[in-house]
Amino acid sequence: MQVITRIGLSEANHVLDAAQRQAEAIGVPQNIVVVDESGHLVAARRMDGAKFIAMDIAINKALTAAGSRKATRDLAPVVVPGQAAFGIHAQANGRFTTLAGGIPLIVDGVVVGAVGVSSGSTAEDQAVAEAGASAFAERFAGYAE
Amino acid sequence: MQVITRIGLSEANHVLDAAQRQAEAIGVPQNIVVVDESGHLVAARRMDGAKFIAMDIAINKALTAAGSRKATRDLAPVVVPGQAAFGIHAQANGRFTTLAGGIPLIVDGVVVGAVGVSSGSTAEDQAVAEAGASAFAERFAGYAE
Amino acid sequence: MQVITRIGLSEANHVLDAAQRQAEAIGVPQNIVVVDESGHLVAARRMDGAKFIAMDIAINKALTAAGSRKATRDLAPVVVPGQAAFGIHAQANGRFTTLAGGIPLIVDGVVVGAVGVSSGSTAEDQAVAEAGASAFAERFAGYAE
Amino acid sequence: MQVITRIGLSEANHVLDAAQRQAEAIGVPQNIVVVDESGHLVAARRMDGAKFIAMDIAINKALTAAGSRKATRDLAPVVVPGQAAFGIHAQANGRFTTLAGGIPLIVDGVVVGAVGVSSGSTAEDQAVAEAGASAFAERFAGYAE
């Protein structure tokens, strides 16, 4: 039997609040989501004016980060043609993505969920996701210690 | 040209807050979502302990309510075999559903979004969705007046 | 933060061994699978002669049992036309099923996974799934006590 | 009429056992699967700690190896832009993949199934798949002689 630590709604809301503040600070309405360690949606927000088509992309970024246990941006270099993971972006029924903006949320070294952000440029998405991930890390990274 | 009234994130959060309070009052963790008038996700929450498989069902209930402009529960009688709308539950790539728990959110007679709830019994889902829809109606039904 | 108990591979193999013995005892080759509490595949076996098309059905039965926290057979009465859950069999991208043969695996009252069986008659599928679930319950139901 | 040689469950378990031992030896929890010559799943195992998102990828690697009759790694050079097979990684509803870790299982020169491994680096996946394929070849490559 395995014992798993999973992000809960209150922690997810903490991530979303921090990410939303950053999105407001840079003036970019965003879709912001949190999934759990198994890739299932825990919480989502579309800020007024965010692109409707980007909500699914935000969810896919979070899914990929939770599933690969890596920031989506860090996966990008190995999926270009000729690299070992070329083509992985077509996996998971096309949901696997290396677009910047998906970051795993980690407690005591274990992935408990992930945040995904999409609607701005990839740099803006990454910045907002980082704000969410940083807020999580500050409060929960050593949760079990 | 058309001018559309669409639910925003702050109103969606108002709906989710009220629905979540009702779910807590009856002791049933729920997936609670709000979509806009175009069926796109605005906000979602999975309360700790809610069924993972029911998040998509909650989204589908809200999608159906926004798309049909009717409460999903009220659609059920006409989709049984022999009735005019039999088979419609397989439409929209299988996302159309007449399971209770999806309710349109209305301003001045116009659907601006919908709430969807799923994880409990259909009666529990309906009660929680009604709490969200009622809170919306109390504050926003006559919004433009 | 949530702490989750999840079935591991060794427990899943214990379930599959017991189910396979029962399938051999009744002379029906079966697809037998175990998913975790989030619906993800942990282990699968197709006995020689089992129907290829039924592997996905076995996985869907286990997914449904884990997601609904009920035996798929017990869901069947409420999904017929006129009942509250009519149409739910089209949810989860068509993967939700009330065909007999999916049973949740429970530790201390909490669903940690599910077994799914398909290739025989629904009665044969149910009997083989029950053999797997019983073997799990005998060894692990009070695991944490 | 055709007579087909197809891997059975006992041979598939032999492959999975060998691959799992190798995964344990290198300390990388893996998803390990075997499909038959028609691409249908015969057996699957997710070792505790393996990535949930990689189970489908493991299945897709095995499917591709059985379907193309080549190791997925050997397909990679011809799918990059400008090469003849560019784009094939999007075929088979996105399931075709040239990620290393899928290897056909061969008896008397004929593909009877394939093994697929995913959760580690592509080098780790390949090493574990090779361990499974080697164990198969040692015992069954000349099976009919």
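Structure notes:
When the chains are written out, they are named A, B, C and D in that same order, and each has its own residue count from 1.
Here is the rule we go by: a contact is a pair of C-beta atoms (placed from the backbone, for glycine too) under 8 Å apart; a residue touches a chain by one contact, two chains touch by 3 or more.
Everything numeric in this text was worked out from a predicted model, so none of it was measured.
Counted by C-beta pairs in contact, the busier of A-B and A-D is A-D.
For B-C, the equivalent interface within C-D, A-D or A-C is the one where over half of the contact pairs agree by residue number, namely A-D.
With each centre defined as the average position of its C-alpha atoms, the distance from subunit B to subunit D rounds to 44 Å. Averaging C-alpha coordinates per chain places the centre of subunit A 26 Å away from that of subunit B. Rounded to whole angstrom, the centroid-to-centroid distance between subunit A and subunit D, based on C-alpha atoms, equals 30 Å.
Of all residues in subunit A, those touching 2 or more other chains are 2, 8, 38-40, listed in ascending order.
Across the interface of their complex, subunit B is touched by residues 8-9, 13, 33, 38, 40-48, 52, 55 of subunit A.
Against subunit C, the residues of subunit A that register as touching in their complex are 1-8, 11, 36, 38-40, 107, 112, 140, 143. The touching residues of subunit A, when paired with subunit D in their complex, are 2, 38-39, 63-64, 66-69, 81-82, 84-88, 90-94, 96. By the touch rule above, subunit B contacts subunit C in their complex via residues 48, 51-54, 56-57, 60, 76, 79-81, 89-90, 93-94, 97-100, 121-123.
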